[in-house]
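Handing you a structure now.
Letters are used for the chains, namely A, B, C and D, taken in the order the chains are written, and counting of residues starts over at 1 for each.
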Amino acid sequence: MADTATHEAHVTSTGLSNVKLGMWLFLGSECLLFGGLISTYMLYRGRVSNGPTPEQIYDIPFTSVSSFVLLMSSLTMVLAVAAAHKKDDRGTNLWLTVTALLGATFVGGQVYEFTAFYNEGLGFTTSLFGSSFYTLTGFHGVHVTVGIIMLMALVAINKRSRVPGSKSETVEMIGLYWHFVDIVWIIIFTLVYLIPV
Amino acid sequence: MFKVGSKLFLGLTGFAALTLVAYLIFVERLALGGVALSVVFAVLVGLSAVIIMINDGDSEVQPRDVSLVRASMWPLVTVVGFVLLILGLVVAQVYFIFGIVVVLAALTEWLVQAWSESASDDAAHNESARRRLLHPIEFPVIATLGLGVIIFAFSRIMLAISKSAGAVAFIVLSSLVLLVGAIVALRPALKSALVSGICVAGAVGIVVGGIAGQGAGLRTELAEAAAEGHFLHRECGEEKSKYFDKKAMKTISLRTNPVAIVELRGGVLSAIMTGFNEPQKIVSVPRGNPVTFIFRNFDDAERRMVASLGTAMAAGAETSTEKEGHSDSNETCTQLIPQGAEQALTVTYAKPSIAQEDPLTLTVPGVTGQAIEVVVP
Amino acid sequence: MAIIERPAPGTTVPALTPAAPAITPSRTYGALRRPVATTGWKSWLFTVDHKKLGLMYGATALFFFIVGGLEAVLIRLQLAAPDGKVLNADLYNQMFTMHATTMVFLFVMPMAAGFANYFVPLQIGARDVAFPRINAFGFWCLLAGGIVVNLAWFLGGAADGGWFMYAPNSGPVFSPSKGVDFWTLGLQIAGIASLTGAINLIVTVLNMRAPGMTLMKMPVFTWMITVVQFLLLFAVPVITVALFLLTFQRSFGAQFFDVAAGADPLLWQHLFWIFGHPEVYILILPSFGIISEVLPVFSRKPLFGYPFVVFSGAAIGFVGWGVWAHHMFASGLGPVSVAVFSLATMAIAVPTGVKIINWTLTMWGGKLVFTTAMKFAIGLVVLFTIGGLSGVTHSVAPSDTQQTDTYYIVAHFHYVLFGGAIFGIFSGFYYWWPKMFGKMLNERLGSWNFWLMVIGMNMTFGPMHILGLQGQPRRMYVWTEARAGEGFFNLGFWNLIASIGSLILTVGIGLFLINVVVTARSKVRAPLDPWNARSLEWMTSNPPKEHNFDSIPHVHHLDEFFHRKYEEDPTTHSMREVASAEDVLAELERNADQHIHMPSPSYWPLVLACGMPFVALGVIYSIPVAIAGGLIMLYALYGWALEPSTAPESDFDAPSSNGHAVGASHG
Amino acid sequence: MNHRSSNETPAVGRLSVARVKARRFGQCALVATGAIALLGSCATNAPQDTWQPKGPNAKMIDDLQQPVFAVAGIIGIIVSVAVAYVIWRYKDRGQPIPEQTHGKPALEITLTVIPALILAVVGVFTFRVIFDLARTDDTQLVINVTGQQWWWEYDYPVQNEWGITQPIISSGQLVMPAGTKVLLRETSRDVIHSYWIPALNGKRDAVPGRIHTLRLEADEPGIYAGQCTEFCGLSHANMRMEAVALSKEDFARWIANQQAAYQAPAEGTLAKEGEAVFLNQCVRCHQVDGLKRPDGTLAIAAPDENVWSGAAPNLTKLMTRNTFAGAMFDLLRDACRDDVWKADSAEFGVKYLAGVDEACLNVNDLRAWLRNAPEVKPMYANPALLTETNGKYRGMPNLGLSESDIDKLVAYLLTLK
């Protein structure tokens, strides 16, 4: 995704590689994106002119479990990055796959949750709470999905490359993204689900 | 001038034309089918034209090494696609659309493969040419499909089993993934056949589970909730309604600039309004405009505020009339809230007070003799 | 192209390693071959060269400047007399919405991006930006966004809610045409350009400076661009959220701004202005940077108080985040918020004042040469001061409640943005034209251009102060005689003067376009160092070579180029020339690098950006189209990810055709 | 009229136009431009001048902003003169390239601190005025103001101390007692509007779903012009307002008249036929309190079924107002209008309360309006554009009335006073 090759050889002024610095900046920008969405949700969560309220439909035990699963995927991502640093392609691919699978489980859980909420009467257009809830968690879900697709593509690219460990920079960059998405989920979980309205 | 590939495509085009005509004559119950077949026909015409124009991908290098042509699964997949397509005509639209997608995908793959094989005399180079063109679409599509299957199957399982079992299933599944990952990582000597076996077993398991879940349908509470609209019952009496009043909100995020804050304090109901220095008993509200009241309960019992909307209501002007169980459609209310809590209520008064038989009021069930009059000029 | 084997002096052009003759890329891949051409339209379409992209940004921006300018002229013609009949209400509302949108998002921002793209790598001694393909992608996104926004003109009417697009007036009920949909989606796409550009330029500046160039030795233009990119990095996601909410409301029935469902319309205002106020600095800071280059060059003196200018720029960028609600003093925020934001707004005047003082003191004691670039720079100092001071008058919140949404505000921000941003950009045109094209813009025509613009601008926007204070609100498609006052010099008179001024302004800008044509047809080449300049971008040929510098210079001073040319006389402290620009360049060439790796052109940025308008149109008209667009984008993304940034040799035809690219034409 | 403030108005002209040109065209131009600006504004007496406060709230703002303008002007002149001096003094006359000095921190810091101090002083006064203007606890009369596309509705909640025993509803002109602290409670029915009477106070947005307050107080009886200042769609330019201040006695008379019962026109008159037309057509949206259908039931308008904003102007005492169609048109002929607008404050009440009679009625505009409203004021009345609103109009549609119907209606409307 990034043009690494040309400038890898260069010594950069900051010592960070271009790709990693770029990813950090992107994540900084993403903070504001989620900041905006979370603010919107916080403003609107109590505005239920129609349909169920948050307290009525949230299933905290389930969401706790799925949050835990996402956190575990951060752990496996760390293992993947470690393996990549050791130029252990088998380990890298394995842990990337496990991370992707855990991520997919999380997204599966989110699809389940959305379906369940919809059946209980909370549609996207039902109330301000519905619109802002689905927008916020949906944006996060899309980020996780994009992350999973990146992980799977990385595995595929890794298998094609002939030099072991040649993609460790990219693994690390996607690792940054993945951890960021996890951290955002912790914030969302706390603010959206746990703190009572 | 017509080589093998061209002939195949011309044949397919003819076949598509025949199908289209036959379809239009005999079936004609599904307008979409006709459109889709026309699209297939048009695509095939285009592809045939291309294939003829490029002379099956080669004009100069006539004799080719047999080894350059690799085994291909695309003819088979194309046929499967056509079977699906025809099946779709008879059984259901979804197979038909799926068939079209499969046919188009397979033909594209086939075309590119055929093209790449005639690109040069170096098989490895040919393969890299094919990859360069197709990997960008193969990778994401396969990734998305795999991901979609897992997500869909898993969510179906979760929807079918009960709430508590769902959480457990979630833990079990993710632990399994972790466990297998750990074992494979710790035993580098593990045979790759075994690893693949485990993966395939896992994949089959989740797909089978998903199909079973889809078959079993929603768990009972969800099915009921969908059918009855649990959270739409706003019964504005003193009693609790079963679902609507479950765990009422204690505070609200909407505090800015309501039309009035209605307080219940010591059995007395009063309206606090910006601009008026004293609590009021009459609230003047613009007609036809959504206005928000905030109800604050300082009573030690659980209370709710009920707004009467009057007898002369505009048809369909209010939102809370869809589901059954609404005896009184001309009132709306907040949830039951405990002491110290607050709730917002957004109301639209479509008709003026002079059109009403009784005065419009804000009341609290269980508190007698107290009402705030709402005047709509 | 990919690997430039730079000839050592005196040797002939070396050949690339020849590819196996059996497999020539043109035969294998046909049209699918990697686009490695260095000349012709393909070299522009698929380029990843920061200079070509900079010029393309500039050309696009100029085109939209003309579009936005014509919209402005129509607006002024409508308002020249009471009850104007040039435009109807609907068309007028579209016109002022699109005038602002075009000028802000499609002219000033891309023009700054163009200058930044072209000159930041040159000023820091880099050979390209950090992510060249992302750079190309950014440009195509901007163009796609601009096209989508303007496409609405032909498909049922452009956006008509004002560039601030306040909810709920922008909702599906109150703006039933598709204009707002095109607007939101177009800006969303253009926003991607800003975001990728921001990341790219920040990484470039932080990571790719020439050896010895510490942050405090960077040219001020680069500094200001860096501040702007940080502002963009954090401001764009906020407007992205707002635009998403609006799109979801308009296209998918979400309720974010539906008051009947309990929504708060002020949510949009907060999101918009949290973006919108930093946006103001995003527009003005690049011009501050440009004149901070121009003034020292033509005063023959370093910028006065360099650290103060840099830190005041950073301070403006920082405090700029805490003043957004001064656009909402009349929105009913409550006195506490109003007071806090009022004070913060006054505070931001201080660093702005610092800049003006430093520019004046830069000229103080100098040796001033009044070229057109210098004239525009001085024009900026004076006109921006006026705009800044009228800004202070409405940082006083109670006073602002009388002035906001009147022509006084229009006057204020046109003095700031026309007198500031645009004068800076024109200064940049005249200053850098020889660098970009190797030819000097005609100074005589330039002088006419400047004076007509100054007169036109003051005639157009000066009277608007009076109009506003006399109570004429903005965004009115007609004004009425009944509220114009009495006497000859009533509001009608000032409206007429403003309209005449706008025509003079048009002539002035027309002269610039004529100047461009005249210059393009002239055969006279610019000298190597026409202005006796000071910074690194002048330490290379005009226009620069594809790889910018033959060898990367080592930097020891803030004004490195100047200090290589001049030395201080230890007794008189005046400067004497020790080397000519040609000498400096010759020395660089003597130490030329032997292997210069440059990234290769690519199809994918263009393909990826092309998918976006389809998604946008699909969201507006039919979801399957959006899915098709999404597939195109997915394909391009993966093609991009799987493609090496430097093309393998198999993508090049045999070297006999056009193998090396050093010194390829850039005109 | 008010020479103090009209002399100060041109200062802006001087600050903006003149300042720039001064440097460029020299002293001559300065004098010329300044003179033009001065002359210009002496002659102007725009009704929405923001520098002519007519009440204590606007006065408070004016007192705050005048020194700020003065300081800004002085600083502007200093900068311009400094730049002009530098240009003249350091022009390249062949002097050597100067010493490469990089600045003097002490000077820099001084020049940073001075503007900061000036602004700090301004800030203190600003702070006080902001909170004074936000007070609501000294209110004497509350009026609800509701904006909608493209007119304002005023309703007076029951306030017995003012003799308002039943709610009064009006539009077009805000009638209020002079010398009284009036508090507007603003809201909107559709999009955001902004209420602004420059002579009485700054503007305050009317935001749907929110109640915002705005203090108004007029020193003298008279009419004060204003305009909606938040862009609110198609006819934003035509959404005007007029605040009418009456002496307390006149205001009491006005209140009494507004609460007086409806007087049906006499049988057999043209106006009676007009009443029938009204009942047939207009009452779908426009309420006239007390108007009865032939069967004796009250005629209740149903704007909620026909208009998106859910309201149309209540026409009960139409002819006591001087404007119609969102104050876009006058109900009075120009001569009669000028008579009222220019009346001095002692006579103003009497002239205003006289209302509109047949002799003074601005028949042309009223008839044009009744004939085809969307033609004279842009509104969303085209059914093709109303799919999003379920066919409800945004503004008054063309009713297709015949000329004779219009005659009857005009006669009827003249009785509404």
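Observations on the structure shown:
Note that contacts are C-beta pairs under 8 Å (C-beta built on N, C-alpha and C of every residue); 3 or more make two chains touch, one makes a residue touch a chain.
Computed from a predicted model, the values in this text were never measured in an experiment.
Interface comparison, B-C against C-D: more C-beta pairs in contact at C-D.
If each chain is reduced to the average of its C-alpha atoms, the one that sits nearest the average of all protein C-alpha atoms is C.
Look at where the CA atoms of chain C average out and do the same for chain D: the two points lie 39 Å apart.
Rounded to a whole number, the gap between the C-alpha centres of chain A and chain C is 33 angstrom. For this pair, chain A with chain D, the centres built from the Cα atoms lie 52 Å apart. In chain A, the positions touching at least two other chains are 43-44, 47, 49-50, 153. Counting partners per residue, chain B has 139-140, 254, 256-257, 290, 292, 344, 346, 348 as the residues that reach two or more other chains. With touch defined as above, residues shared between interfaces to two or more other chains in chain D number as follows: 207-210, 212. Under the stated contact rule, the graph of chain-to-chain touches falls outside the line, ring, star and complete shapes. Across the complex, chain C is touched by residues 119-122, 125, 129, 132-133, 135-137, 139-141, 254, 256-257, 290, 292, 344, 346, 348 of chain B.
On chain D, the positions that touch chain B within their shared complex are 136-137, 139, 142, 144, 146, 153, 155, 157-158, 167-169, 183, 185, 187-189, 207-213, 287, 289, 298, 300, 302-305, 309-311, 314.
Of all residues in chain C, those touching chain A in their complex are 128, 130-134, 195, 198-200, 202-203, 206-209, 233-238, 240-242, 244-245, 248, 252-256, 258, 260-264, 267, 271, 597-599, 637-638, 640-642, 644-646. Residues 1-7, 9-10, 12-14, 16, 18, 21-22, 25-26, 28-33, 35-37, 40, 43-44, 47, 49-50, 124-125, 127-128, 130-132, 135, 153, 157 of chain A are the ones touching chain C in the complex. Listing the residues of chain B that touch chain A in their complex gives 139-140, 143-144, 146-147, 150-155, 158-159, 163-164, 166-167, 170-171, 173-174, 177-178, 180-181, 184-185, 188, 218, 222-223, 225-226, 229-232, 243, 246-254, 319-320, 335, 344, 346.
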